[in-house]
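Chain IDs A, B and C follow the sequence of writing; residue 1 opens each chain.
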């Protein structure tokens, strides 16, 4: 009896439902692409709001991704490898932003870093003002996107066989070296997936950015904010911006997927 | 002659290990049921477990002494560790796995020298043809040899093996057992093997420590355990050899 | 065994999903008629009062209100939103809908004016409109929000009266362009902005201090209201429009600081 026969009725129903879901995910993108003409596309690309928004989106999302990976990796490693009871609490805290609406996170950030916020007076004393700045955009992106990376990284690290580490240490490497030479390469696929998720989330971030950083072309108006603004005057323009964002996102995700292959072929210590 | 002795009391979760073992350059076998503390003891020797109270002396070096507050770092103990499952580095090929220990630490060697030594040990162990293979396709017996090569290449003063033959099928086990006892004799330095199988003990001619629930319940040579087994497990363990 | 259960579960979920979709259509057949009103965000409080009073006088009509920036509501209507009545904060967006054939005609029903608002603590020390250049963090309405369009008119007039430097300084201190007047106001209420330009009707919050804008620089804020051509409830829509324009409706609007239509 072949495997197909074993699951036959379920696989037909499952297949139909799967196709339906896939359709729901992809057909709107196709509809988006078909709804705009070539001339409208060119006009949109030349619109004064376009380049500043795209450039801002790329810069801020790259910055927030770098910080997320730099700060999130050691945190994820601690959560995955520490015996402390605190890891459960920390893991929960890290997951929290995922379930909180972005607008709420935006308000929370204002209440923290704003002039009247918790850290307001302190920041004023050291001459820092965060709301309405590009830094605020980056902070908002980090808050909404880093939980995805940290979760994926933690899961990846948890799968690393602890004996592998013990062996690496007994062979003569320090903790840090064992982490970089053994743990990281083994966990790389999971880390890359996490980074992709985080980058995608940061690129698409809207609610928290709007409330915390504001909406100012060139300063804080990222692509999602520009799309929302464009919707108010010209739906075609919004569609063009949206298509560019989709294409950008797809390109970035593809690049990240290729990363493990690139590092594998260029990193050959002995052979 | 290299002597060693280790006395440790450590708790891992709710499990408490409280044992004292000693040996010289001849192999020592630790036997016991699952959960008796064999792996925990080996991990302590390797340095992965912080004890409450312990003393571990290897040759002329005191690696651990809670009384004087000494605890040599794992990377400095010069101990070779072969865990259950071998734990080969999956992101490196065979050669890189074996050469790993030569590429880290203060004594790390240049690329050419690393390569030579790695090739040399692989040749000794009869695995030359495997050097550029990824570790994922290796058989159990092959993985075992690579793991051994990886540990031996750094010329450790003590070798720890955690059930090295348990993951192999019966036929491979016989061949690898012979190979292993040959290498350990050639190694000539202290080695400690945790095992489930009395045939390993016979092949090594090892002295035995029997563990149960974190304590040593019997110590001696095989004949002692056959004559007067201290527990049902030991009686069952020595069974095949008593015939 | 488990396979059969899973199959049944999946099939019944799909059927339930489809059934609830169909059921939505049928519950509309209850006693009350639903009237959907899209209104500018600045009308939020006033129109909520109007809705209460109107429903009391017309118990067979249930009014469902959606508040947002007029520009957002306009786009939704252009894209086919099923509203019955649209109340805009400026004639510009209403005209776009009239030209597009969505609304046959409109009538003005209220007026407003713009004022400067600052947080109650007034961190920038703004006492008069000319002090606006002292504010380092200014929030205004976006380019397409009516309050933003009116604000630009005010600033153009202010340039004539107070000079290009004044306007340049003010523009350089604008840190955010919000999509409706409520969001503009919120930033000031939270103390994050030094000053903002909003409708007078927005300024009565206890966390705000109001600074008048001289009449000669102020903009004429006109609110038109109209019923949608595709409305399925034209008589009820007409009744609502009449109510808003009636003495009763106007009284409610005045109690919320709106001025009579000019």
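FYI, contacts are C-beta pairs under 8 Å (C-beta built on N, C-alpha and C of every residue); 3 or more make two chains touch, one makes a residue touch a chain.
What you are looking at is a predicted structure, and each value in this text was computed from that prediction instead of being measured.
Of all chains, B has its CA centroid at the greatest distance from the CA centroid of chain A.
Of all chains present, the one whose mean CA position sits nearest the global mean of protein CA atoms is A.
In terms of their C-alpha centroids, the spacing between chain A and chain B amounts to 44 Å.
Distance from the chain B centre to the chain C centre is 76 Å, each centre being the mean of its Cα atoms. With centres set at the average Cα position, the gap from chain A to chain C is 34 Å. In chain A, no position touches at least two other chains. Chain C contributes residues 3, 6-7, 10-11, 14, 69, 71-72, 75, 78-79, 123, 137, 139, 142-145, 174-179, 187, 190-192 to its touches with chain A in the complex. Those residues of chain B that touch chain A in the complex are listed here as 43, 46-48, 73-77, 79-81, 83-85, 87, 89-93, 95-96, 99-101, 103-105, 107-108, 111, 114-115, 118, 131-132, 150-151, 154, 156. Contact residues of chain A toward chain C in the complex are 7, 9-10, 13-14, 17, 110, 114-116, 131-132, 214-216, 219-220, 228-229, 231-233, 235.
Of all the residues in chain A, the ones that touch chain B in their complex are 161, 163-164, 166-174, 177, 181-182, 185-186, 188, 269-271.
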